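Read from first to last, the chains carry the letters A, B, C and D; within each, the first residue is number 1.
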Amino acid sequence: MNTAAGRIDWTRRHMPLLAQMRVRFESSKPFDGMTMGFRIHLEPKTAVLMETLLAGGASIQAIGNQGTTQFDTVEFLTEAGATIIEKPGETKADIEANLDTLAALRPQIVLDNGAELIVRCLDNGTPPMGATEETTSGAFLLREQFEGRVGFPVIVINDSPLKAIVENKHAVGESTMDEIVRTTNVSLHRKRVVVFGYGWCGRGIAQYGRDRGADITVVDIDPIKALEAAMDGFNTASADEAASLGQIFITATGRPGVIPYERMEMMQDGAILVNVGHVDTEIDIPGLHSNTDRVEVKSSITQHDMPSGRTLFVLADGQMANLAVEGGRGNSIESMDLGFTLQALSLELLATNPSSLPKGPQPVPDSINKWIATTMLEIMNGAS
Amino acid sequence: MNTAAGRIDWTRRHMPLLAQMRVRFESSKPFDGMTMGFRIHLEPKTAVLMETLLAGGASIQAIGNQGTTQFDTVEFLTEAGATIIEKPGETKADIEANLDTLAALRPQIVLDNGAELIVRCLDNGTPPMGATEETTSGAFLLREQFEGRVGFPVIVINDSPLKAIVENKHAVGESTMDEIVRTTNVSLHRKRVVVFGYGWCGRGIAQYGRDRGADITVVDIDPIKALEAAMDGFNTASADEAASLGQIFITATGRPGVIPYERMEMMQDGAILVNVGHVDTEIDIPGLHSNTDRVEVKSSITQHDMPSGRTLFVLADGQMANLAVEGGRGNSIESMDLGFTLQALSLELLATNPSSLPKGPQPVPDSINKWIATTMLEIMNGAS
Amino acid sequence: MNTAAGRIDWTRRHMPLLAQMRVRFESSKPFDGMTMGFRIHLEPKTAVLMETLLAGGASIQAIGNQGTTQFDTVEFLTEAGATIIEKPGETKADIEANLDTLAALRPQIVLDNGAELIVRCLDNGTPPMGATEETTSGAFLLREQFEGRVGFPVIVINDSPLKAIVENKHAVGESTMDEIVRTTNVSLHRKRVVVFGYGWCGRGIAQYGRDRGADITVVDIDPIKALEAAMDGFNTASADEAASLGQIFITATGRPGVIPYERMEMMQDGAILVNVGHVDTEIDIPGLHSNTDRVEVKSSITQHDMPSGRTLFVLADGQMANLAVEGGRGNSIESMDLGFTLQALSLELLATNPSSLPKGPQPVPDSINKWIATTMLEIMNGAS
Amino acid sequence: MNTAAGRIDWTRRHMPLLAQMRVRFESSKPFDGMTMGFRIHLEPKTAVLMETLLAGGASIQAIGNQGTTQFDTVEFLTEAGATIIEKPGETKADIEANLDTLAALRPQIVLDNGAELIVRCLDNGTPPMGATEETTSGAFLLREQFEGRVGFPVIVINDSPLKAIVENKHAVGESTMDEIVRTTNVSLHRKRVVVFGYGWCGRGIAQYGRDRGADITVVDIDPIKALEAAMDGFNTASADEAASLGQIFITATGRPGVIPYERMEMMQDGAILVNVGHVDTEIDIPGLHSNTDRVEVKSSITQHDMPSGRTLFVLADGQMANLAVEGGRGNSIESMDLGFTLQALSLELLATNPSSLPKGPQPVPDSINKWIATTMLEIMNGAS
């Protein structure tokens, strides 16, 4: 039974917030008769979200995201009543066409991941009643390029303070160190690990790294954050000082150009470079590639022999390593349960009371954040 | 040499930020010819601040605060050139009179602690060029009662983000647990300790308590903060659940009425109550006193036999325990070095360029916060 | 270049102790002209050990262990000059035959893993000059069944105190929590995790589990060890109390029968059972299988519906989970570098000065332990 | 009521193990009709031990230890029925005379602290039925100088494994950092603290120091212990390397000569030296005094201006700082409850079944250790 159904069963069992949503939606049917258009990773966790919304009466039309679709999950969802507009082996052009197809179906509610589907609905002149947008970058796009033109509420999931705590600090911090250890198979005990950025992600990375015995140095261009790191017990240094002393470098600033090529030239032989920020330009990979050969030495690790004679290694070509390394487990089921319940309650509100919300991109309503925090604590403190 | 001079030497040695101020002020003399009026605790740490300002050319007139004056320090300061308007054994009326005397001297720059001196200068119609106010409550008073009437800049020291990190989280969190352990002489290992409030102080208290082996439960009425505590690895509970399970209770919310008398009636025999919030009404001490006898069982610990037959204990009568217990060491010299350098740089700015600042209460300028954070990190990372 | 050679390069780069051995052996050639018989897992880490011994002049004849052989590593080793007596897809009978073949070659030095090769040499009447035995169970077998009949020194690697610290506490403790999190994809934050046994492994598991936010309860039948756990800040309970409160159970006692079937009947719905002790009978898997169906719900996780209606889950069928789950990364390269340098120095001593050692099973000489500890610290504190 | 009685009430309330002893002794009267001779610190904690033994029918004759006697406690004990052979302000000669007086009373059971009382009983030819000796050094004296001449059992309390865990690692580790922080009033955040020795005390000191934000470096001449420290996440260094980098030095090795005068000459200006080992010769104080003036700069801190121009500071003149600094709180009540219950059960065994024990110095019987560990866990896990 190691099948999609088995894995979805396992996942569902560890999503107690969505289980409560399902009971609620089965009774209230908030999405009855509505067409919902989804752009989303299609794998067991999202399957549990989608079956929850189906239980609320939704008609779901969905496409996957960035080639991450698991087709045995698609099969499961199709049997459950969703329509998935995607086939194995599609090209980039196919994916664009799927987005067009989905927008043409005029979904009343949209769940988007990068705002491309919302943009198409705007361009078609067939706006939905409301939408959720998973990412901060999608929200940024709407705010910058479509200012004043988004005549319906768009709830931006990633701006919830629950995400900063549960996902950025803990889920990302923990999984980053997990994936570095698993992919490299090196011990972090007494390794000199440099963390760029002491925001929520950086705080988590520094803490979980110290827990594994690493000697952590934090770099932050804001001296107040650097002082916070020092008071929390970490070494601090400037970027250039850190460059010559670290053995492993992790960028988590959200800004491009944190490790330009010149800084790589200061690094010790054998240094390992890792990015976990959403922006894949924190490490200057193009600069590295134009100066060195890229040799895959081990799954998700490339070797770069520098003109100086030293060798550097890069994880996942500078993509978000906690997700992009081969076999990466992603965030925990429970942190996705939180994120998807933010989605479910936001979608319910958009479907049942859209006029209560302002137009355009906006944060998750505080009442939703508080209900989820309260319920999550009850579950943590409860019997299972 | 265990004298004021010896203790001030020791203190000065551990105030490297003020040492840098002194060099700077000796050269630039920013306070030359000015009269500065101070309301401040008079003990070795403030003596180092005052000699630093004297080196900048100031003429200082000062009175103490809340009966904490150490008169051998006064002697030292007098020799150094300051004027201290306070004698041993003064009554409350004497202190009021001292404030009047000091205001009548028309200081050009005021350093205040609770805004009473600033208020007198306003009432006299002789406002200073500028002032610093140490406390948030003093700033609140000025904003509420004197809105629009404060025609000079008042820099509010306690609102600096450096204070939240260095003083609230770390200095208060650490010293709270230190003083509980020292005053009670009980071990915290596996004791059930309940922390009310997961702000900066509460985060520090919870962390330093866990480090001493305590089984920490956090109570916060904001479920998002409570969830943060849970993700940080602490138990969470409602106030009433916590009341019946705790052995030690610590309030750090900044709000009154956190432990009303009825909640004390739920507590186990032997429970110890501690407040560290600035508001001394977090624990309902008057309610406790009107229902029980107050018996001092040990220095700074009172015993209260409840009508139920159970016994509760209170530290320092519900005053801020980290400061109020007998022999309490207060915050570290280094955290005071930070706080006093916020003062020194703010006073310099008020003396040399007051017109660059808006009128009324305002936070410490960001440039001052950043210079201090940068310099403090250099010192931490440096040779001594 | 994601090939055996690439992976062995990566591995070699992180084995600095063996790198020092290689330089030493290339110069001193301690194994010149000797035949060494190896029973060992054949994968990149052991490849680095074997090439190090080859550099010392050894002629190596080797067979794999328990079906873990990676045949691209075999190819690499063959090119390097070793002889590997094993083919893909061999049966249990083939493996027995290989052991016979290897023993018949009369190796002068034996590296064994379970003592089966040593026993064959004894049975053949062709004892080696000396041997190393990796496991405690192999050493136990020799002591019990061959007492007085082992006329040559057998150095037992696993009894080194370095292994207790580096491998049991840190490598096993850390990888156990890593593999639970990766295989289940559940978050450990505030999960009630019960650890059976507070020896070296249990101490590590409890610590690394707390670091991931778990609420750890330690069970140890020795109250002195349980008290140590409590002082270290963990909950403690009896086995039966723990059975009804835990969500995840981890056995690390080294003794059979820690979780008999009756104790499983007390567990909550959804409980997950994990063994990391060397003995695969800590959890009564046969008892569970005779009372429930075994359904694989996800890779390395089986589901068991109990007669009570509750469901339990087992990782890796009760085998040592940190190694046995699918895709398990095993111990870090650095911890294997330590273990293999214990081997290399012990083998050197057996080859060059066997008469300095007593006959029979014995611990690693203290001088070897100390040299390795000293050198490992130099490497940790050094430039790379 | 801040009187001896009040403080003893408070202490008794936090000694739940002795409370169980009292119930047991009141019923069984194990000491009925016996004279017990005590050499012991006379303060509230020991008062609770003595009243417990009085409840068991003992006639107690006691003298204090090393000038630590609190005479209001003596008054309390006298009223409770004990005889205290000590007056305020006694000279060293008086104390010697008291020991003679006590030995001449021929106590049947002796509780000693340094073996001087036992030695006198031996010298008098009037040996007791049995004795307990608190210290390892007292036991050492008996083993070395009186080998074969101690014809009665002497149970050595300090050798109990419970003491290593509860007292050495946790009580000493925690109180050492507490007293350094309180006496110096400096912050440990990012201070470079060097810990000499990674035995039980050193492990605790390193851990509690890291918890306060210090950057800990461990020095141990045994590389296996140093490696354990490194794996636990600490820096390691040789004694000479550490001498030039530390800001605070703490010796906890139990061996003399750890910091000879020459090593002090390598230290940075402002370095603070602290000893917590039982041997007060770990730091070469005589060497320091013969080369520098000793100036008390602050209570329990002396300043030493070195010929090099640098200044060093010493806490408590190199005596065990966690106990010897002025106002030091000593170990927690609970850790003393443990130690005194080891005493109480050992004394009971000596009184009721001395022939079951071998003659001479011996460890606490394992059954006593296990009973105490079990009961202490029940109390920790129980209602109060």
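Going forward, a residue touches a chain if its C-beta (ideal position, glycine included) is under 8 Å from a C-beta of that chain, and two chains touch if they have at least 3 such contacts.
Please read all numbers here as calculations on a predicted model, not as lab measurements.
Across the two candidate interfaces, A-C and B-C, the one carrying more C-beta contacts is A-C.
When chain centres are defined as mean Cα coordinates, A lies farthest from chain D. For the pair chain A and chain C, the distance between mean C-alpha positions equals 36 Å.
With centres set at the average Cα position, the gap from chain C to chain D is 42 Å.
Centres computed as Cα averages put chain B at a distance of 55 Å from chain C.
The multi-chain contact residues of chain D, meaning those touching 2 or more other chains, are 170, 189-190, 213, 230-231, 235, 380-381.
Contact residues on chain B toward chain D in their complex (touch as defined above): 1-2, 6-7, 9-11, 13-14, 170-171, 174, 178, 181-182, 184-187, 189-190, 208, 211-213, 247, 268-270, 295-299, 301, 303, 327, 329-330, 332-335, 380-381, 383-384. Those residues of chain A lying in contact with chain B across their complex are 161-162, 165-166, 169-170, 222-224, 226-228, 230-231, 235-237, 369-370, 373-374, 376-377, 380-381. Interface residues of chain B facing chain C in the complex, by the touch rule stated above, are 189-190, 210, 213, 215, 230-233, 235.
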